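Letters A, B, C and D name the chains as they come in the text, with residue numbers starting at 1 for each one.
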Amino acid sequence: MFEKVLIANRGEIALRVIRSCRERGLRTVAVHSEIDADALHTRLADEAICIGPAEAARSYLHIPAIIAAAEITGADAVHPGYGFLSENPEFAETCAQCDLVFIGPTPEQMRQWGDKVSARALAKSLGLPILEGTELLTDVDDAVKKAESLGFPVLLKASGGGGGKGMQVLRSAEDVQASFETARAECLAAFGNDALYFERFLERPRHIEFQILGDKYGNIQVLGERECSIQRRHQKVLEEAPSVALTDQQRTDMSETIRRAMSKAGYLSAGTLEFLVDDRGELTFLEMNPRIQVEHPVTELIMGVDLVAEQIRIAEGEALEVRDQPLAPRGHAIECRINAEDPDTFAPSPGVITELHMAGGTGVRIDSGIYGGGRVPPHYDPLVAKIIVHAPTRAQAIAKMQRALSETIIGGIRTNIALHQRILQHPAFEEGRISTRFLDDLRG
Amino acid sequence: MKLDLEQLRELIRLLDEANLTEIEVEHDDDRIRVRRDPAAIVAAVPQSVAPTAEGAAAAAAEENGSYVTSPFVGTFYRSPSPDSDPFVEVGDEIVVGQVLCIVEAMKLMNEIEAETAGTVVEVLVENGKPVEYGDKLFRIEAT
Amino acid sequence: MFEKVLIANRGEIALRVIRSCRERGLRTVAVHSEIDADALHTRLADEAICIGPAEAARSYLHIPAIIAAAEITGADAVHPGYGFLSENPEFAETCAQCDLVFIGPTPEQMRQWGDKVSARALAKSLGLPILEGTELLTDVDDAVKKAESLGFPVLLKASGGGGGKGMQVLRSAEDVQASFETARAECLAAFGNDALYFERFLERPRHIEFQILGDKYGNIQVLGERECSIQRRHQKVLEEAPSVALTDQQRTDMSETIRRAMSKAGYLSAGTLEFLVDDRGELTFLEMNPRIQVEHPVTELIMGVDLVAEQIRIAEGEALEVRDQPLAPRGHAIECRINAEDPDTFAPSPGVITELHMAGGTGVRIDSGIYGGGRVPPHYDPLVAKIIVHAPTRAQAIAKMQRALSETIIGGIRTNIALHQRILQHPAFEEGRISTRFLDDLRG
Amino acid sequence: MKLDLEQLRELIRLLDEANLTEIEVEHDDDRIRVRRDPAAIVAAVPQSVAPTAEGAAAAAAEENGSYVTSPFVGTFYRSPSPDSDPFVEVGDEIVVGQVLCIVEAMKLMNEIEAETAGTVVEVLVENGKPVEYGDKLFRIEAT
């Protein structure tokens, strides 16, 4: 058992981790930048250490400061949350060298799954269905040849990229010739790595992901899927679980395929396998996220698990419960990410929260990083809160989320609540006819 | 003209709390003044924090001292080893670049150097105690 | 189906009703006093009508103003919440005369159960176990005689009283002689009615209550019990469900007894039967509350029902689902009532909410009537919010509530959060050894 | 010059509530000052509306208009029946106790009477429209 956990993050996820720690009787240490001296995670942890100025590079991303904070407070484990250092294998290694347990997968697993080309190869070798794609592209001629053999349209992707950065759809050999060198240069500048490859491009795919947990003893639990197709520029906006696109049989089959694959890989802690679903309902592996995800609460609500508590238990060396058959989802859950941003221009909207009422009542869960009277600094992710609802059916969950959004008051900053309202009242959303192009279609 | 009543109310609240007769705030082209008749203020003002001579004196002292703050999270040491003398003592004259203390983090001994010359008038952290980023370590008076 | 519901209440319960209406697609009308022009229920209903000045007697208790508000907005039903006019049969009658559906029991039922002596007689005739007690007391000699035959100590109660007002413990004939006339005069002054009677006085009873629902077709559902022993001056402070004091057999038996009794009575809508439990675990009927109760959410969480939605369905004429056997409780729920009051003196603490963070995360439900930047006026009930948690076991629910309280920030007013923290960490509470004297013992 | 009377009224109300002698607000080229003679402030006058000196001048425009507000929630009628003439029209001189309109609630016709004499200068609600408690119905100018 740990005694004290340092949370190397801020905002709603830092508070999320504090909650699971506190319910397990663990003490918590927050780290914070100077501008976050009055932030919620700073105020609510048992101890709080200022680790640097507002710039993330000198605070939340600064490994020595975080390790030193753990040292002076006597923390015995570190939870990285998502973003910041959560997928940084050097950080995980440094923790280990300093006798701190990193609550997450091993550094090797982070490396394996962090590089997209090696992740695809690994997934394929583990028996997961893969979207047709190519090896790394050597030069523009090689690129044209590989694109033609894969068949247009193709998606040009950076092996070291993430969050959709550096991706381009190419529809002809001319497109490839026109774009390849520029893309390579941009890619080098952005990721310090110019490795590019192609994937088959799906025009209107769904984005579906499966939540897994793995322990030190090779046990893997697959906790169903999340539907994450509602995205803007590859950033998820609204998620739900389960997905209307999967039949029960597909869910069962895919869960078993994933369980076998990840057992073989010996995956540790929480992770998410992302898939694209084409118009015939076929799932193909996209990537693996070796961390807790923003949208994990929808899974928690329908499966009745506390994923962060499970991460902690696993890191403490406990074994997962082995079940004869996977947990069945109960009801339907939807999450809306509330961002401090202009609903039309999507420009960030920092400020002081002058008025605040978060939705409440039956079946509503709030995971928030702000408080009335507090400040949203301009330096970090605009995600300020998540509203998550749980109801017996999808239609009831939609009605409940509409009700929850209608009663949410956040004064002093602008938010994307109106965008969520437009999504939820759209007939195509109501009927479950969605794809990753939904928001472009909505705005187009 | 847009009137911010909430702000005005805050000012009045402040006027009350601090037992003042007037507050005037000017910013860019905006100016706000709130005034009250001194005679109207009665003794029975709860939680009055009337600034007094002592308070003023303490604040004044602040003014002519500057602080050396910790650029790291870590453990504060006044001397290079347990047996040696402190790098500096109260009353010492220091020069720019002089080592004042060590902040240890991740087994590394980071020497903290003076950025201004002056006299050490106060040591604010005990030897061996943890410090956060930005914690005040020494007060230095310019000479 | 209704189209528009007027909510004749304020604070958290008004918002609670708005929620269930909105999820059913019903429009809502808030009524408010002048001082509540910016209150949460005023802001969040679809329409809001100012019905009078701050004094409740001229606004929330003023029947003609509320009826007129329903008329000018075209509401077709009225939900009275709890308190205010919720147990006023004249209000229910006036609604009926004005073609407004009163969402609650019939005026006759409110009269039957509202008078405590007639309620006792009715309960007895319906086969419910009754705490031994007397008929009405005619004079001081009659009182002494009846007290002696019942056996000291006895509890002197006002037939028209409520909320513990006018109750006195008398331990000898001398006590009766000394107190009777004064009590009668006070009682007349307070309730306009000087009818007094005795009940057997239990030194350290538990207070347990059963939630019921009845429809127009004589169906009664019994939705388990709530443990409400943590009280201060007969005001509940913290409630939980289920109660550790009942065995499964007792719960099943008592549920069936109540179902039969209330079916015979033909009770309509939501109601609560309160019982005292003596040290041998025997339950005796105390009173019936013909309305939704403050503490209804603990039942909602463990039974998976929306009691306000059920009240609306019943008022619309729908039938309750008839089950072969009663719903089984799932997990354990606790509610803490957060009052705007000094935690030591219990003096009300109105003011402007300068900082606000309500607890969130898994298994936490908030039913609140305040918002950051809003005002708590001095004119009404000090209850500003309810924190309700749900977890698999009682121990986990206690840990979760402690975690929830620890993260709650309410600035600008004082609250009783510290009192709840003292209760939750008390060994006797943890072990479930509680009675209605718990808080006196804690403070004594 | 555009005079925002509502804003000015807010300021005067604040002056009263907070028992102040002066509020001054300046913004761009606008400046508002509300002042009162300290002697005019009595100890316990919540919501006093006794403007004096400069305050009186500023509020003067307001002062010769007062409002009749609705004491009930209901439906506003200007005449006793659909076919009859309105009780009062703009320009009418009215006396204390004169019926100005009806507010109907629960089928009862509540006659609203004038509490001050003066001239009706504005009718603020349309015939047949719903009114809330406190809604302004007529503006009356003292004669």
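Simple rule for what comes next: contacts are C-beta pairs under 8 Å (C-beta built on N, C-alpha and C of every residue); 3 or more make two chains touch, one makes a residue touch a chain.
Not measured: the values here are computed from a predicted model.
Hopping across touching chains, the smallest step count from subunit B to subunit D is 1. Steps from subunit A to subunit D, taking the shortest chain of touch contacts, total 2.
Here the CA centre of subunit A is 41 Å from the CA centre of subunit B. For the pair subunit B and subunit C, the distance between C-alpha centroids works out to 52 Å. Averaged Cα coordinates give subunit C a centre that lies 42 Å from the centre of subunit D. The touch graph of the protein chains shown is a ring with every node of degree two. Pairs of chains meeting the touch criterion are A-B, A-C, B-D, C-D. Chain contact summary for the complex, subunit B toward subunit A: residues 72-75, 105-106, 108, 130-135.
Considering their complex, residues 1-3, 5, 8-9, 12, 15-16, 24, 29-37, 39-40 of subunit B touch subunit D. Interface of subunit A with subunit C (complex): residues 15-16, 18-19, 22-23, 25, 40, 43-44, 297, 300-301, 306, 353-358, 360-362, 364-368, 370-374, 396, 399-400, 402-403, 406-407, 409, 411. Note for the complex: subunit C touches subunit D at residues 34, 49-53, 59, 64-65, 67-69, 71-73, 94, 98.
By the touch criterion given at the top, residues 4, 7, 10-11, 14, 18-32, 38, 41 of subunit D touch subunit B in their complex.
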